[in-house]
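The following blocks contain the structures, represented as structure tokens.
Common to both upcoming complexes is subunit A, partnered first by subunit B, then by subunit C.
Let's turn to the complex of A and B:
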């Protein structure tokens, strides 16, 4: 019984953490159809900002907020300078945002160096349920992820802003005629996605070691989570995709090594992509 | 009747003009640049010795790798973020063959295994994806996953690949029928072997480009649905292109393994695969010579500048990549090659 509970906790936490990391990508991909290959660098940037701030005596929660805002600002600059000119060419944005990844990763190496860094766990200790347990900080991050998912869902499906965004996605010209300020919408979505990446990077920083390339693997994982979940369904799709990719890795890791489990899950995700290109919850 | 008219037409045309036209067609800026490049590469060992002769073959092999991406991207419009994976597959294929099979023919066998394995892996994955019409960003994602997977396998299967520590491979000796053997031990022999391979690869790709196969690929790039409507099995064409690209990339990887003497899992990793994308984008995706020069020039500069200004050079490269994508879609060499055409257009 304990074993099942502990496995359930592990799967749940892997799912929610991956969902947290994927959310920014899903938002930008799902709403403005930009494949943000710079997502990984944004995660790393968030983690490094949090590291510097906590190192200078800023309390961890405030550091997370500041890192979120900081990465959001970087996203804003990038959007204004480059991305906004290329919304009509989705494939070019993929390449350009990969360039963003290269530039930001090198800037991180110049500013912070290439050595591994760590942030001390801000909430040590574990919650235990019988024999099973979960790290207190990990639980808090899962909670934040849940709140973020629900919040995004609420904004998109229960507010007028969300209505306008969805109208713009469905029929851009009609939305423009009805008075939606499309360029500002696109910008807001992109900046929100960047900020979410910063938030995720800062939050996962105490759980994993921080290095300039830390975003690459997360990028691939969150990509698969978003695509396997489904393009149209931003919140539900991300959650389902994360459950399959994150939870699947945990399950396979029971019978093989962690890295190998990851590989198997990627291969399975390619299969899923082949037979259902719109994703499990996606619609054409 | 019509053929007769054409033949009289040719006869009445002044021979000198015909010669000039034929010459002009051959002496395009692209062919001239390629000719200059290969002549220079041929004479490099006469002019300098030592480190340059040692290191240049590795860069030429990177150039071949870049050309395999030109085939996919420039002709077929498919961007692969996983070319490094095939390079690594070829490198490990040669290394493992040399370890397991100890005969005189094993270097040849190793190259064969590399070529076959690279082409087979690319062909299977390609057909699997293209038959379901996976394209654009989704294809990028899958190729990204391929390179991650190859990296993980190379890293974790230590008994086969040497794992994290990599694999040492000696310079091989190719046995040629007739009792002659071609040892790659000297840098000079290696240089000219790789030179010949690069030249052959370039000519092969150019022939492929001019063939009907190449034209169908261009058709797919411009409008896949229309090409399919014309009756071409586009999935098959794309699969073939991917298989050729994977096979040649693996062959280049195998030669790289024996040349460099060392294979590490990072060859298959995402970072190396994406630097291939940078070479080709900066050089020019539409021209094989663009990719070739892009790879050689950027690798040489990286080598020089990595010791002087390591981080700033990589930063510069990233900025250059963004600038090229934003302003020079054709890449630096590609834009350069259009200058004569542009001038001619102004004059005429």
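Let's turn to the complex of A and C:
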């Protein structure tokens, strides 16, 4: 029984943390069709902002909020200056956001240097259920991820803003004709996605190595999670994709070596895309 | 994305970089910017001695890269301040390996053919060294290799067992074996081994297991992790169930940081002892004090060891490279440069054969860790070995580690090469 609880916790944690990291990517990709290669740099930026702020005596929760706002602002500047001119050109945005990744990563190296940084675990200790257990901070991050997913779901499916956004995904031209203010909507979505990356970066910072390239660790996994989950199925898709990529690795690692587990999961993802090119929960 | 054409542009860039570095930090190295000797022969007897240094300045192992190149630069600065070698100044050409073996091959070839360096120093991981090995052999240039490594075994020739390569770092019989009795007696003989998935961790674990079994212990788990794995939940519960006494760790780069932070957050440190053979001062800095307290590390050198040489060395590093976290690899680079300078003086010429025979058996008393010797038969360094423990609430390399056990000089196990001594292979 404890084995099962423990396994459940591992799968849940792997899934929710990956979902947290992927959410910003899914939002931008799903709604405004920009493949944001800069996502990894935004994660790193969130982590570095949180590091600097906590280092200067700002309490960790406030540092997370400020890092979220900070990366959101960077996203806003990037959108206003560059991205908004290229929404009709997905390939160009891919290259441009990759350029953004390179520039921001180098800037991080210049500002913060390339030595590894760390943030003290803000909530040490563990929650235990018999032999099974989970780090308290990890549990809190999972909870935040869940709240973020539910909150995004609520906004998208229960509010008029969400209605407009979904209208835009389903039929862009029709939505435009019905008076949806597209430029503003696009900007809000892009900034929200950037802010989510900042939030994720700041939240995972105490659990992971803070370094300029830290985003690359997540970029491939996040992309798979988002694409396998399904284009446009933002909340459910991200969750299902993350469960397959994150949770799947945990499950396979039970019966095989780590190398094999990680490989099999990606092979499964490719297979899933072969038979459902729009993703598991995606729709045209 | 365009890359500069591999010929003039990149070289010009490198020189500009060196100019910047020397203008600000290393005045005696200004000669590095002078046009290279026109005869185009690396072995020429006038003009500067040119050294190609391959360091991981970007990519996954950047964190170790700064100490790596800084250690060599520091020694070269000392050599040049003392008037050079045979009256000739040293000139460095620094190349970035980007932590990728194929780039190492490219850069090593470039350094040898275009830059016409007299010998090579550096490369970081075993995979990088193995990539540089064939180039060193073909061009008949020496490679001075600084990193802690898995020992030499013929199957990895020409990366090891190569008469043109000298190893200045420790291998498992020096880094791990001297401390196993202590660890087994104090904490128990059940080891859980976790390492990155490549040759160094696998060979290190193989040799560690061999010794462990002699001591009556055993490996209760052995896991290899692909590079760039972010989450370790499943491995951590595997360790929890294993009944291990000691978690023996040879993860590298960001993987070791991620694992150890998650290991600590999961409350595992109360029940398991951690012994890492990778996490020197730079990696430990990245993990932080809360997640490292009480953990063991073993190497031939630590920043905080108390020797007269190290005191002087520390002062110099603080003055010349205040932002560098110095470590075992940087010190090995430092020793490599000094010992090679002595070898050139002894040989009376800058030639592969001359340096090789002079380096073989050479003892160097100026090493930060004390006196070290390059063993003649298999080109492995005879080094001290330290086991240290991370201190509670450390604030930086100065107060990070406390020595638990040390051995002044360890003869490494004999290399598993087909032909020894190497110089007659």
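Rule of thumb we're sticking to: the second predicted complex is superposed on the first by the 278 of 284 C-alpha atoms of A that agree within 3 Å, B and C clash if a C-alpha of one lies under 4 Å from a C-alpha of the other, contacts with A are read in each partner's own complex, and residues count from 1 in each chain.
Everything that follows uses one rule, which is that a residue touches a chain if its C-beta (ideal position, glycine included) is under 8 Å from a C-beta of that chain, and two chains touch if they have at least 3 such contacts.
Predicted model, so just to flag it, every value in this text is computed and none were measured.
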(request) Could you check whether subunit B and subunit C clash or fit when both are placed on subunit A? (result) clash
(message) Applying the document's definition of touch, where does A:270 land relative to subunit B and subunit C: first, second, both, or neither?
(response) first
(message) With both complexes superposed on chain A, which partner does A:129 reach: first (subunit B), second (subunit C), both or neither?
(response) neither
(message) Quick check for you: in the superposed arrangement, does A:161 touch first (subunit B), second (subunit C), both or neither?
(response) neither
(request) For A:213, select first, second, both or neither according to whether it touches subunit B, subunit C, the two together, or no partner. (result) both
(message) Which partner chains sit in contact with A:257 here, subunit B, subunit C, both or neither? Use first/second/both/neither.
(response) both
(request) Tell me which partner A:147 touches in the superposition: subunit B (first), subunit C (second), both or neither. (result) neither
(request) Considering only touches as defined above, state whether A:246 meets subunit B (first), subunit C (second), both or neither. (result) second
(request) Answer with first, second, both or neither: which of subunit B and subunit C does A:227 touch in the superposed model? (result) first
(message) Quick check on the output: what are the common subunit A residues between the subunit B footprint and the subunit C footprint?
(response) 213, 216-217, 257, 259, 262
(message) Quick check on the complex: what are the subunit A residues that touch subunit B?
(response) 35, 82, 85-86, 90-92, 94-96, 98-100, 102-103, 105-107, 109-110, 213, 216-217, 220, 223-224, 227, 257, 259-260, 262-263, 266-267, 269-270, 273-275, 277
(message) Quick check on the complex: what are the subunit C residues that touch subunit A?
(response) 59-60, 62-63, 65-66, 197, 223-226, 228-231, 233-235, 237-238, 240, 254, 257-258, 261-262, 264-267, 282-283, 285-291, 323, 325
(request) Please give the residue numbers of subunit A that touch subunit C in the complex, ascending. (result) 6-7, 9-10, 13-14, 17-18, 113-121, 124-126, 128, 131, 133-135, 137-138, 206-211, 213-214, 216-218, 221, 246, 249-250, 253-254, 257-259, 261-262
(request) Name, in rising order, each residue of subunit B that touches subunit A in their complex. (result) 79, 128-129, 132-134, 136-138, 140-142, 144-145, 148-149, 152-153, 155-156, 270-271, 274, 277-278, 281, 311-312, 314-315, 317-319, 321-322, 325-326
